[in-house]
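Before anything else, here's the structure in question.
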Amino acid sequence: MEKILHKERIDDWISALTGWEVLSPALEDGIWAYRPVSGAIRLDHPNTTQPPKGLAFPQREVFFSFEQIKGEAPRLTQILPDTVQRAVFGVRPCDGRGAVRMDRVFGDHVEDTYYQARRKNVAYVGLACNQPPSANCFCLSVGGSPVSTDGLDVLLTDLGDRYFVAAVTETGKALMTAANSLFDEPADADRQQLKSVHTEALAQPQRAVHNPDAVPAKLKASFKSPLWEELARACIGCGICTFLCPTCHCFDINDEVTGSAPLKGNRVRTWDNCQFPDFTMHTSGHNPRPTVGARLRQRVCHKFQYFPENFGMPQCTGCGRCISECPVGIDIVSVVNKVVEHAG
Amino acid sequence: MINVRDIRDAARDLLAKGEVRAVIGYRRGSRGMAAEPVVITAPEQADELVWDPTCFHNLALYLVEDRKFLAHSRKAPGAPIAIIAKGCDARAIVVLMQEHYFKREEVYIIGVSCEGVGVLDERKLAGHVPGTPTDAAFEGDDFVFTTPEGEKRLPAREVMADRCLECRAPFPKEHNVVFGEDKTGRELAAPFAALARFEEQGATERWDFWRRQFERCIRCFACRSVCPMCYCDECVVDSITFPVAPETTADEKANRIRWIERSAVRSENITYHMTRAMHLAGRCIDCGECERVCPVNIPLRLLNNKMEREARERFGYEPGASIGAASLVASFNDSDPGSFIR
Amino acid sequence: MSEPETYEPKIVAFLCKWCSSAGSDLAGVSRIQYPANATPITVPCSGSISPLYILSAFNKGADGVLLSGCHIGDCHYIEGNYLARRKIYLIKELLEFVGVEPDRFRMSWVSAAEGAKYAQVVKDFVADLKPLGPQDKLKADRT
């Protein structure tokens, strides 16, 4: 289903989405983040600081609560996520592709109950990137594109005074038919303009991973390379790259005790981070990844080697956040290129 | 005006003569115009060193990393390590020496004065410069940016970091060698100006403000990781390090206190940030790195500045002023305020 | 928000072993009546109190936190309470700075002989805390 939506009608479209909580980019304290729409929607954002992965995979998630009952087995009460339907407007194609990767991790071999319960209630109304939103974008190098529809339910393309609105999934169609009267049929001129806008978008310069097809094998051959420590020399071991990544998904599970008599609490999942020193620290004190170099290698290889080996696609979607936000400028594109070059 | 060649020559010389085993400095980064920290060990690498308004990082952090690496690998330091240090960074080094983290003779300080113009705050650049600049340079009281649309000159005071505007000590007093003029005494903004503005608000507004900030925190710990003063092998607030040795007993591991949960929720985040502010009282020299690196723009300098101003006004204490000085919380005065105690 | 008549503020009281804790014991053996709202935690010295204890007490739901130690000059460890005076001043300022009600946190010097004073300190604290209601700013949401 393809339609035209004049820009001044977009707020009406949002209002027509009763039954959906609509989120869109908002600028707050200098940070772009997805927030419930309030007032006129804004779609002039570069990209949000945090990807929308938190909607299906929140930083904190309660699995179940437990309570010790005297004389009985402990009582466990499953806590499932709310069933609110959320539509996120303004999602960039790289983040849509990020959702595809997360979906595979939490659905391919085993269905993660909690992830799936949230995921099925989230719809992504994407916005094509006529210009790269960041100086560090490199989606083209990882099989993506500024006009990709992977993972999205609808794709909007900005044609100046109107959007070209293309449904990608049945959910996307439903979002559009909820406000049928607001949309117009696309004319030939619209389709022509769409084509030329997309062509121009694809031609915009980006950062580039050289020879992407050769990367997994070259990384595999470079496991013992001393280059990793050198490239990670400035790394401060914070969690910015990982927490801001649309596809990083490692997690911890802990019990949060809330009462001691009777003993009760919650079993909670929280984000974990391969850049933290304790990521694979054993209780013996031994750590298979004891240095920043080993942990940088972990992240880069997971994105560009292990995930491709396991899922047949690179895990990185080229959003560039880890490059832009790294406190010391560690640059995954530069790292991959250097390691590959060095591997010969 | 500093000629970067002089800095390179000094570094090259020290390495060639074996007087130092490495030089911690800045080099051109691979993403845009920002410099990045580098540790060079060979004299030829000295040509990589740069000095420009994007040299905002506090390199004292890498002295700490170096020290930890040596301890972990049980190596003796051998020759000292050299470090390029701005006025703020030099004070951080003094604090580390005050705390006996290393001895004075183990560090060769190549002092580089910002000459009163401070360093750039990238966030302030938006709107001032067309496109993405590829280069930045010092020129007198200005910063000069190279952009795809040509050169753009801006008065430094319009885009320098807030902590530079308020800085009272823009010259590395502790040094082995120093480049650039001493512009201590130049007045740009009143010290603690941002703090004073903030405190004009009442308690309810202040709480609303901090509540919003700490709800946004994602506990990436970049603030802690970038701070040279947060060098504890195991952070008491939220340990992601757990240093254990073969001798650590099961009891010790099991009874380790978990002060806050991993959940990045307001209550846990506040406990983390306030504890960190307390642990930095009298130690923070306001390099501003914590605030710069925060991916969600939490104004952390306000918390630390509050402690710093109390230290200065109530206890007459200046962090990083002298290597022999006692620490703020391990000393006291008969004149310390006590009327709040019943 | 609980009604003032039924709301009983929970106070965590860090008491130094040598003076204040003994002082609270004296209040007990002297049968001095005072509100039972304070949970005492004995510490070796007021100077040994980490800001983390105070923040943790608030995190776990304390409505008020009290610290009490020996009078200046009488510290069993000679200097501990001087250090406490400085440190606690700082944490008190920080708590107020982020907007926590100043009345929720206080410090006192109570000697081993001052059972009556201890009782009075707790009594005053409870009275000052009641109108503030339960503490919810720093308290962890334990649901």
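Letters are used for the chains, namely A, B and C, taken in the order the chains are written, and counting of residues starts over at 1 for each.
FYI, contacts are C-beta pairs under 8 Å (C-beta built on N, C-alpha and C of every residue); 3 or more make two chains touch, one makes a residue touch a chain.
Because the structure is predicted, anything quoted here is derived from the model rather than measured.
K.L.:
Based on Cα centres, what is the most central chain?
P.N.:
B
K.L.:
Looking at C-alpha means, what's the farthest chain from chain B?
P.N.:
C
K.L.:
Could you tell me the distance, in whole angstrom, between the mean C-alpha positions of chain B and chain C?
P.N.:
So the centre of chain B lies 35 Å away from the centre of chain C.
K.L.:
Just curious, how far off is chain C from chain A if you go by their C-alpha centres, in Å?
P.N.:
That gives a centre separation of 46 Å.
K.L.:
Centroid from C-alpha atoms only, then distance chain A to chain B, rounded to Å. What do you get?
P.N.:
Measuring from centre to centre gives 31 Å for this pair.
K.L.:
Multi-chain contacts only, two chains or more: what residues does chain A have there?
P.N.:
256 - these are the residues of chain A that touch more than one other chain.
K.L.:
Using the touch definition from the top, which residues of chain B touch two or more other chains?
P.N.:
Where chain B meets two or more other chains at a single residue, that happens at 261, 265.
K.L.:
Quick check: in the complex, which residue numbers of chain A touch chain B?
P.N.:
Those in contact with chain B are residues 29-31, 49-50, 59-60, 135-136, 233-234, 236-240, 243-244, 252, 254, 256, 268, 270-271, 273, 276-278, 281, 283-285, 323-325, 327-331, 333-334.
K.L.:
Name, in rising order, each residue of chain C that touches chain B in their complex.
P.N.:
50-52, 55-56, 59, 72, 79, 82-83, 85-101, 106-109, 121, 124, 137-141
K.L.:
Show me the residue ranges of chain B that touch chain C in the complex, using the header's touch definition.
P.N.:
Answer in residue numbers: 199, 203-211, 236-237, 259-261, 265-268, 270-271, 274-275, 277-279, 281, 303, 306-307, 310-311, 314-315, 328-332, 336-338, 340-342.
K.L.:
Using the touch rule from the top, collect the residues of chain B that touch chain A in their complex.
P.N.:
29-32, 34-39, 57, 61-62, 123, 132, 212-213, 216, 218-222, 224-226, 239-246, 248, 253, 261-265, 289, 292-293, 295-297
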